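The following pair of complexes shares a single chain, chain A, combined with chain B in the former and chain C in the latter.
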Partner chain A sequence: MRAFLFLICPVLLFLGVSYLLPFLGIVQLSFTDPDPGLAQYSRVLTEDLPTGVIWRTLRLCVLVTAVSVSCAYVITLLWVRGSPLVRSITELCIMIPFWISVLSRAFGWLSMLSNRGLLNTWLQDMGLIDSAIQMTRNEFAVVVGMSHYLIPFAVFPLATAMRNVDERVLTAADGMGASRLRIFWQIFLPMTSSGILGATLLVFVFSIGFYVTPALLGGGQSVLVAELIYLWIFQIPQWGMAAAMSVVLMLGVGGILYVLMRRYGEMAK
Partner chain B sequence: MNRLRPGVIATLLSGLVAVFLLMPLIAVIPVSFTSRRYLSLPDGDWSWRHYAALFEDAEWGQSLLTSVQVGLLASFLAVALAAAFCIGIWMLRPRGAGLMTGFVLLPMVAPPVVSSLTLYFFLNKMARWNDIIAYDKLGGVVLAHMVMVVPYAVVVIMVSLSQLDRRMDLAAQSMGANVPTRVFGVILPNIRFGLIGAFFLCFLLSWDEIGVTLFITSVETITLPRRMWMGLRDNVDPSIAALSVLLICVVTLLVAVRAAMLMRKERSR
Partner chain C sequence: MNTHFQNDLAEILKERAAKGQISRRQMLQGFAALLGTTALGAGAAKAQDGRLVFVNWGGDALDAMDEAFGTPFTEETGIEVLYDGSGPTEGAITAQVQGGNPSWDLVDADPFTSQALGRKGLMEPIDYDIVDESKQREGFGWEYSSSCYFYSYVIAYDATQFDEPPTSIADFFDTEKFPGKRSMYKWGAGMWEAALLADGVAPEDLYPLDLERAHAKIDGFKEHIGAFWGGGAESQSLLLNGDVSMALIWNTRASLLHKDTEGEITFTWQDGIIGPGGIGVLKGNPGGTEAAMRYIAATQDPERQVVLFQMLGNAPSNPAADALIPEDERRFNAMDPENRPKQIALDTDWYEENYGAALDAYLQIISA
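Right after this comes the complex of A and B.
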């Protein structure tokens, strides 16, 4: 019993005081600031600004998820099934960006896409365009930057699924004369669907609470949920609204994660 | 046996994804050598001024120091808390172990912006009580980083404990060893690599942490990512390109060395 107190309790106490209690405080705030009642929730879910931001976030996150998971699928294919040399090259291409700070990566995209950046300078030097194309401070840049950040995360569940594919099934299909394309569409892709689902939900959950990349590359032009919460805390203080939005976000992400756990639990049986 | 390798189309598409992943990391290199004060490519005259600025400007050095301090303190404390918790769960196997572990992993799965708001709320309240663990103070940042990295430490240590032979602990117990002897004499020495791994992971995560740090600091305690953010948000400062190039070089070197070591290990088998 004393071991329990000394070993298990410290971290529970630590997180209870510094994380759970303040979160409950935020939940309380969402019902009381500025007026008691459900007013904040009804504003978050009906007013034009928050609902517009929620829809934009969902739309962009669906797009980002689709881009990241398909890009990740292609490169994972090479990472898992390529020749040893190809495997080590792709591994470097996945791992190097993965370990690099989110800020350096956002800055990299600014260097690529901004008006005096690499892409615009090249295009102008080649005479393809006269004046710089605006490629940052818009949704395009946000989708590019977020997908770039999330591709490595999508790779890991996909790689697990691809490694579990039974080689003999593929060899059998090959022996029976199925074309490469047919083997891919009718056998390989369905057999890795659990990885696709896992990667999709993981990337979607990650993207939805994301702040840094959209704020830097969107340049305040396309505000997402996380940035709206930031604005409501620091720029136009509306703590109750920020709290209500956080609770909504938490519930949404919690729901998705619940589905993910259930699905993986079923597959593990 | 000759297994099915990815075809030409898959290789080509992966090549495009690889270019997409590496492009922004390469794009910062020319930008870091510009002679201008704003983001641009060097037109003819390459200059080291932004690298020099990193070393001359005391603020960058101060932020580096802050980041190292926060990283070391937060990782050390987080690993200590996590190790105690994991060993407690492993030794005592209490009822509700799953529930307690789930609670400790909460900061890892909650959307970062919700955690940020929660910690901001907490440190804001603490600021009325004391000057150390408070908003925009070193202690506050350390505490917030601890909350964010503790779940990762728990995961790593749990994995290394799951590989530990339980009979070793039982042997010690049957010979009359008390709990401290079992923990310090038997368990801790056997999971030391897990502890070191957890410490490094926590340090890396804290070193890169920006989402929460942005909410809980303003002018006094500025970590390196936080200073990068300031330079990116206000006016895109090419010093950040220089810093990014240095960070990218370090990461690339580490990832490449690790890959080479793994390849040599595989070959020697």
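Right after this comes the complex of A and C.
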């Protein structure tokens, strides 16, 4: 145990110097720039722009998390319980996105979804629609783009949970005459709920910090917290505001994490 | 605004080189002109020993540029020039100077940013004994920033969508007569002016901007906005992809669209909003103020400015350059005597005072 503590010291030191100290600096800035006091916090929590951005970020991230985790659930089912061929195809689909940068993916979605993009062109050629549907530069595109990025991350906690499901329980339910749907809803789903919670945690925390995807796909109409912080640091410098916003964001995410983790701990017992 | 614009110029060069429209050599020349890395020439050979760091918006070409221009420049003047592409935003410059030991010398920042920072004591005043005031356009010289080029927010439109082309900013806001979605600039500059002009404010009465009126106009028009663009490539693709039928975009991109689509997507100078670009010098810059000022003076050479115009489409800051531009290309010069009167210029003083609060309010409107 002592050797372990000794070995881990450099890491703790590194984290302390590179994360904790700067963060304390940010906390200090949030109370002192431009004037000492709580003015920055009261502005962040009451003014229209920051509160609007906070709510939009939360709403979008909840939506993205729901979409990602549901899609990932289906994909993971195929991966864990499908036939060998299905498994290998699914595995490729999970792995390949990891090799493509966020930026390329955002542009990919733009060329896919824009008015003269692939999807609209196909739909028009097939005669399903008369004029192009606007699918980019709005929240729909942001949710699609962000979910596409986050789904693979949700797969791993789900896969762990699904692999831990005791096959015999399912067989027993089957033997007692439960329908397949009932087995899924009443047995399989509850037994994988820790995985769902884990995936939710991971995806939600990731999604809060997204910058590039919403900026590109949102068409300027869905500014999220990360972009606002950037703006306040570089474009129109108000460092106190940026710092206060960062602290609020951190406390918010920390709070959500704390609640979910406790729940996760109970479930994992 | 200009910060984004600057970044965009480098992108345009790379794209054109990739398409084979310009040679790699021309691209590098363009970068050199863009960064003001013109050789100071024999007359400046006795310039003091030293080193200058010029900060712009960089990219892959920084190394190539250093090799192509940094080295000969050093040979000629004894001044080594290093290129830094990390982006001289107002926040970054503040951090540099307030940190007490800046490593940057020259920055390509908005004139109003340089002015605001200058008044806070973070920038050196331009030394007009070295920088030639007569090589600047009337009304575009500042205490802490030297004018180096111009660009303009112009009305670009998809001509295939309309029987009659739009001829004024009022047409931009008229979706009955000119159907289709619109695009405006995400960072506000130029858009307030456009909204107010369309709302009937006379050009001479624009400043100080009536922000409430401008925001009301934009708020009422928002349902017709397909996207607020944040970068030049984005503005270009919005029109090319047919996502919008009309957009207020930089004239550099509008000219490219006009050339690439053979006029199918084109633009008008009418009611364009001119943005000035400038070079500033950080307070206590490590390379020495005099060297930095000489560097700026070298960028005023009209022939170099024509190269810059031909590469990128941004207008020369030295009025003597206008006449050197070949006849058939003058229509793309924002400051050409033909085009200039159709446009109005952004007021640097107003932006210096009000940009921060105005942008906050603008974002609130467009992202609500």
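Just so it is clear, the second predicted complex is superposed on the first by the 234 of 269 C-alpha atoms of A that agree within 3 Å, B and C clash if a C-alpha of one lies under 4 Å from a C-alpha of the other, contacts with A are read in each partner's own complex, and residues count from 1 in each chain.
Just so it is clear, a residue touches a chain if its C-beta (ideal position, glycine included) is under 8 Å from a C-beta of that chain, and two chains touch if they have at least 3 such contacts.
Because the structure is predicted, anything quoted here is derived from the model rather than measured.
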Exercise. After the chain A overlay, clash or fit between chain B and chain C?
Worked result: clash
Exercise. After lining up the shared chain so the two structures overlap, which partner does A:Leu216 touch, if you call chain B first and chain C second: first, second, both or neither?
Worked result: both
For this session: Identify the partner contact of A:Gly117: answer first if only chain B is touched, second if only chain C is, both if each is, neither if none is.
Result: both
Seminar exercise, completed: Of the two partners chain B and chain C, more of chain A gets touched by chain B
Problem set entry | First, second, both or neither for A:Leu78, with chain B first and chain C second | first
Exercise. Given the touch rule stated above, what does A:Ile233 touch, chain B (first), chain C (second), both, or neither?
Worked result: both
Exercise. Is A:Leu15 touching the first partner chain B, the second partner chain C, both, or neither of them?
Worked result: first
Exercise. With the two structures laid over each other on chain A, which partner does A:Thr160 touch: chain B (first), chain C (second), both, or neither?
Worked result: neither
Exercise. Looking at the overlay, does A:Thr32 come into contact with chain B only (first), chain C only (second), both, or neither?
Worked result: neither
For this session: Have a look at 57-65, 219-227, 291-299 or 345-353 and say which bit of chain C overlaps chain B after the superposition.
Result: 57-65
Exercise. Which residues of chain A are in contact with chain B in one complex and with chain C in the other?
Worked result: 110-111, 114, 116-117, 215-216, 233
Problem set entry | Residues of chain A that touch chain B when the two form their complex | 2-4, 6-8, 10-12, 14-15, 18-23, 25-26, 29, 71-72, 74-75, 77-78, 81-83, 86, 88-97, 99-112, 114, 116-118, 121, 148, 151-152, 167, 170-171, 174, 180, 183, 205, 208-212, 215-216, 225-226, 229-230, 233, 242-243, 246, 249-250, 253, 257
Exercise. Which residues, counting only chain C, touch chain A once they are in their complex?
Worked result: 3, 87, 89-92, 94, 181, 186-187, 225-230, 234, 237-238, 240-243, 355-356, 359-361, 363-364, 366-368
For this session: Enumerate the contact residues on chain A facing chain C in the complex.
Result: 48-49, 52-53, 56, 110-111, 114-117, 132, 134, 136-137, 215-216, 219-223, 228, 231, 233-239
Problem set entry | chain A contact footprint on chain B (complex, rising order) | 1, 3-7, 10-11, 13-14, 17-18, 20-25, 27-28, 30-31, 38-41, 81-82, 84-85, 87-89, 91-92, 94, 100, 103-104, 106-107, 109-122, 125, 143, 146-147, 150, 154, 179, 183, 204, 208, 210-211, 214-215, 225, 228-229, 232-233, 236, 240-241, 243-244, 247-248, 251-252, 254-256, 259, 263
